[in-house]
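The same chain A turns up in both complexes below, where it pairs with chain B and then with chain C.
== the complex of A and B ==
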């Protein structure tokens, strides 16, 4: 965390006053990976470097030991893990040498909010036009959509827990929106 | 509001997309060989179809892919969406003289 720890997101100014059920997570390693899916050497190399079989099904998450991979588009994934991104970037670069790929450390791009508790999906439902009903959206799913008109990635990490990745420059606005959206449900027991 | 069927992400709300105008307009192989009239025709001239219309959409807030949609310009009925390079779906019979 050495590199990221002095770095404060705009949401940090209001994060102390977030109601129960909403927290801003500490910065994580976020690495954007692009490559050609049809080349089997690409998938194999990523598996070697991270232990993850990249999800091919749109809007799914694959979890490995240290990292997870979110499907972003047919040739693009977001790898997320604890700590610094440098080690992961180097491992991927070594494994993918000579291949047509792009590996970028985007850890500072997005702030991560965790929304948890029984009303998490209600808050998302009223903040977005995407259908967050449990029938449609379940743990292991992720989606890129608009949350309160701001582009976001939403990942369901547990039965009642969501991670919301928003652009850092929008994080104060989205954080305030989510806090306000939670207010009508009162403090969860 | 439209529900557009992204070929990758499935049905999503119109606000996630960006419109890209008429589909299937091929860029001339050698623009330098065209005269001004032909170049202007490629750049600016578009059909103003009343009826089923092939158009491009970008899933700008989702997977950021361009794809094609067949939409009826009067009723907004969407017949189908297909990836770039794929064949368009079969059109229903035009109703009420709209073509």
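== the complex of A and C ==
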């Protein structure tokens, strides 16, 4: 039986030494979905497969019971769930048969860093030109931008917690950058 | 040494905390809160350096960023910094500094002899004198002049300090933390807008730090403290002290340099960020940058001890320092009288006020009279004397309305001359933001006119010279800015009662003649102290035909240097206006450019240094490569293994071994870096048919095809193989460096040109790690790893793929070849890449499987004549130039680039075309990039015939091979061509670019 393990996360080699406030998350299912928003059959089918009403407002996250969906563009979303992506891909393919869609397992394409704690905002200010101020960006928001000059998706998951989705090949660079940006603030007592 | 010039009380310094520092090797003591300048003045040190051209003794002129003279070399070793203004250096324990532009020392400077030759060292001196003979410029003149004119020394080792950048978005940014800026920040802050207040000083307060005022019943110190306390309590207000807004760019994007540790003793700086550049995006900007006082231009106005009146006031009130004990004030306005009054109050003696206006009256004049200070109205200073410090001034009465003297000279002894020619609003940032300036006759200064960006101006910058106007103007600007960004300001508080003297009027007096006409005799009327530019230089420049202010600047150097003419620009153009008899507004100003004050390279670089300078991309197998001795090559942002030398091997030996392993056994390559794009939709095949030059509609599911992409101009821009995963789905590979560009290209055409096509593209580059095994024994290795996969040539032919299990991993295997050998490219999820690689190495051990890098890959493909986009192509190469007509469809109705192939230029016979080269001597390996000629004896410059694009030693062939682009090369097979190199000319024969296995028999192992 083919398997997707051993699964070594891209930043694992440096993540051991991350300071408090930065971790690399364990792997989870990531599926890139493209489809035509205007076709109600598309939204309905996705809802059937995932239980989620896809967000239609730019840069918003819709969270369901097992999955969440990040708005990436007017016809593109990133679906996130626990476990492996195969089952989710199959459910989507079945529900969307005959429609013009693109469904891709991208679970290995990006790794996810969690940045949390009182200095999360400062680290983002050092790493990105995007405005992450709480008035502008809040839990339930996501954005595609550059973090440490590298393509990334940033999702706010809590009051002071962010998930940063980074292309696997950039993960060492970005992970080390974030760790260094945190260093100034020292380890919390 | 004790602080003889420290007033007995007063100032914002902490007299309980003495600070030891060293200047020019001499130890001194100052107080916490001092600047280096104030501490030196407290110790009676006025002589800080020598001037740029004449090496005249120079001292402190100002108390802030506008200081033209007192540049010092600060610190030692790797952290030393040249040309830092002593007026802006916060004193810290253990500070060491020294003069610049002096040799052997500031007291005795050999180059001061230049002063004797001053008559010939006028404007344009260097341009005129060192033009001939031209050949001596680089060798002799420039090095000598640079040494003589050089200021400080740059450190010779790399900067050990930490710098970084931060990005901040606010509704309202307020630049300048004086009374106007504080009020603006308060008004905006109270509206709940996000506010940033930036000030270059160690504390907020601006001009209030230098003057004594009562505001609403509080003294200035209490008022500032209350303002700052309220602002600090606002959660969305950011206050930056010691921070200079140095650049104002488009769309209200401003850059601020925050000096975080420069005021701390060395021991307290360790591990901390030294300086931070803030990148600010502001909805509205309030500029409250204040004003700089102008010097008066009079004879020998540059001696140490001749200072701006406002600076004297600052040293007295803020630092408790008497810059001199016997002061003469020279002014053209009332406001400067306050400096005299404050010095007298602090224990100094004002011996005379020389006022070039004939009628003087007003509150401040009366106050000075009440102190029994002699006021000489209608008088001017016509000369000064003193060596390393001013000792006396010579004054004469001026005839009203004409610059003629009507009295004999009178000499007045003094040790300090305070001067004031009026105030120039600090329009630098306003002007950088492209705002237009206008000249205000009554105030005798340039003021902000029409802005180009969404901004407000307030305070002295806006011509609001009284404190009352500053507070009102500041509040209004802050409230207007907040309102413009969608916030509602609170009701304006009642204006506080302010106790301030009436500033009276100003009468411009741009240049004060000496006892002889300007330019005659030894006296010099300095306009730009940093560049030693005099009024006579400006006159000379005009006589020589320069009239534009921009030309005058460049010819006389006025306004150049580290101070960018903050004290000299307006005087210079007013003098020019007088000479040309054109009004000042017609003269205009020179351009104000960032940075406002110098910014260190370290700060500009931030953390983008060394390992951080650019993102580094690595594959999931990177650690294996590192652990197994790979050397790496940068390909775009990727680190790719270049080759894997074994102990004792030279590079060539390693390459020979790697290449022969692929040709005779099996090699393995990490090909994960190739770009991968999933292309899906009912029109996917049609889409590829239009993107690639060859045909795609009939490619069967499960099959793979090589394709070439061109831009509209018909020039090759990427290539790769694309597999048909399903009827409506393809997986495209791109070159490593081209991946992002290709995806953009595909999306551009889908979104803007072919909106009718139903196709989605998804980048999956890092979803798949790719391990390529190549060589006659590749099949044997794959068999072991994928025993259930049918890899017979019948069922798994060249240019097809299979899905299955490899090494227990879910995989896709492609049969393609970039080496000419039997090759399997195994794709597994990125995160399983290392597991697959290790399994391949284990399975291949019995065949001595050999990891190889990009260099061997290049050699192997060159032996086969396969191109690399970007190496054999350079954006001017068509498929036909590459001899790849076979991949350009003659029957497709259209594809990108098609139309361009019939252009006259692309159809030319003598285009540079791809050929192979075999050097006559098989061991000669041509350098890549070598220029080629048909006739090595042609006179120089020889007509170029082309260039070498790829060149290697091929172990397989036992000789060198090269690929080249040669004019008309396709029709020149068997002809000789020459590469004239340094010391020798290599002769080669033009051949077919396929050197090895022309029939392709090796593809099946």
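Convention: the second predicted complex is superposed on the first by the 181 of 189 C-alpha atoms of A that agree within 3 Å, B and C clash if a C-alpha of one lies under 4 Å from a C-alpha of the other, contacts with A are read in each partner's own complex, and residues count from 1 in each chain.
Keep in mind that, in the parts below, a residue touches a chain if its C-beta (ideal position, glycine included) is under 8 Å from a C-beta of that chain, and two chains touch if they have at least 3 such contacts.
From a predicted model like this one, the values you see are computed outputs, not experimental measurements.
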| item | value |
| --- | --- |
| Touching partner for A:34 - first (chain B), second (chain C), both, neither | second |
| Contacts of A:25 with chain B and chain C, given as first, second, both or neither | neither |
| First, second, both or neither for A:74, with chain B first and chain C second | first |
| Winner by number of chain A residues touched, once chain B and chain C are compared | C |
| Touching partner for A:129 - first (chain B), second (chain C), both, neither | both |
| Which superposed partner A:106 touches (first chain B, second chain C, both, neither) | second |
| Partner chain(s) touched by A:59 [first = chain B, second = chain C, both, neither] | first |
| First (chain B), second (chain C), both or neither touched by A:145 | first |
| Touched partner set for A:87, first chain B, second chain C, both or neither | neither |
| Chain B and chain C footprints on chain A, overlapping residues | 129-130, 149 |
| Chain A - residues contacting chain C, complex | 1-10, 13, 27, 32, 34, 75, 100-102, 104-110, 122, 125-126, 128-131, 133, 135-136, 148-150, 167-170, 172-174, 176-177, 180-181, 184 |
| Residues on chain C engaged by chain A in the complex (per definition of touch) | 164-169, 194, 236, 272-273, 279, 281, 607-608, 611-612, 614-620, 622-623, 638, 673, 678, 680-682, 758, 760-769, 804-805, 808-811, 829-832, 834-835 |
| Residues of chain A defined as touching chain B within the complex | 58-59, 72-74, 129-130, 143-146, 149, 151 |
| Touch list for chain B against partner chain A, complex | 8-10, 12-13, 15-16, 61-65 |
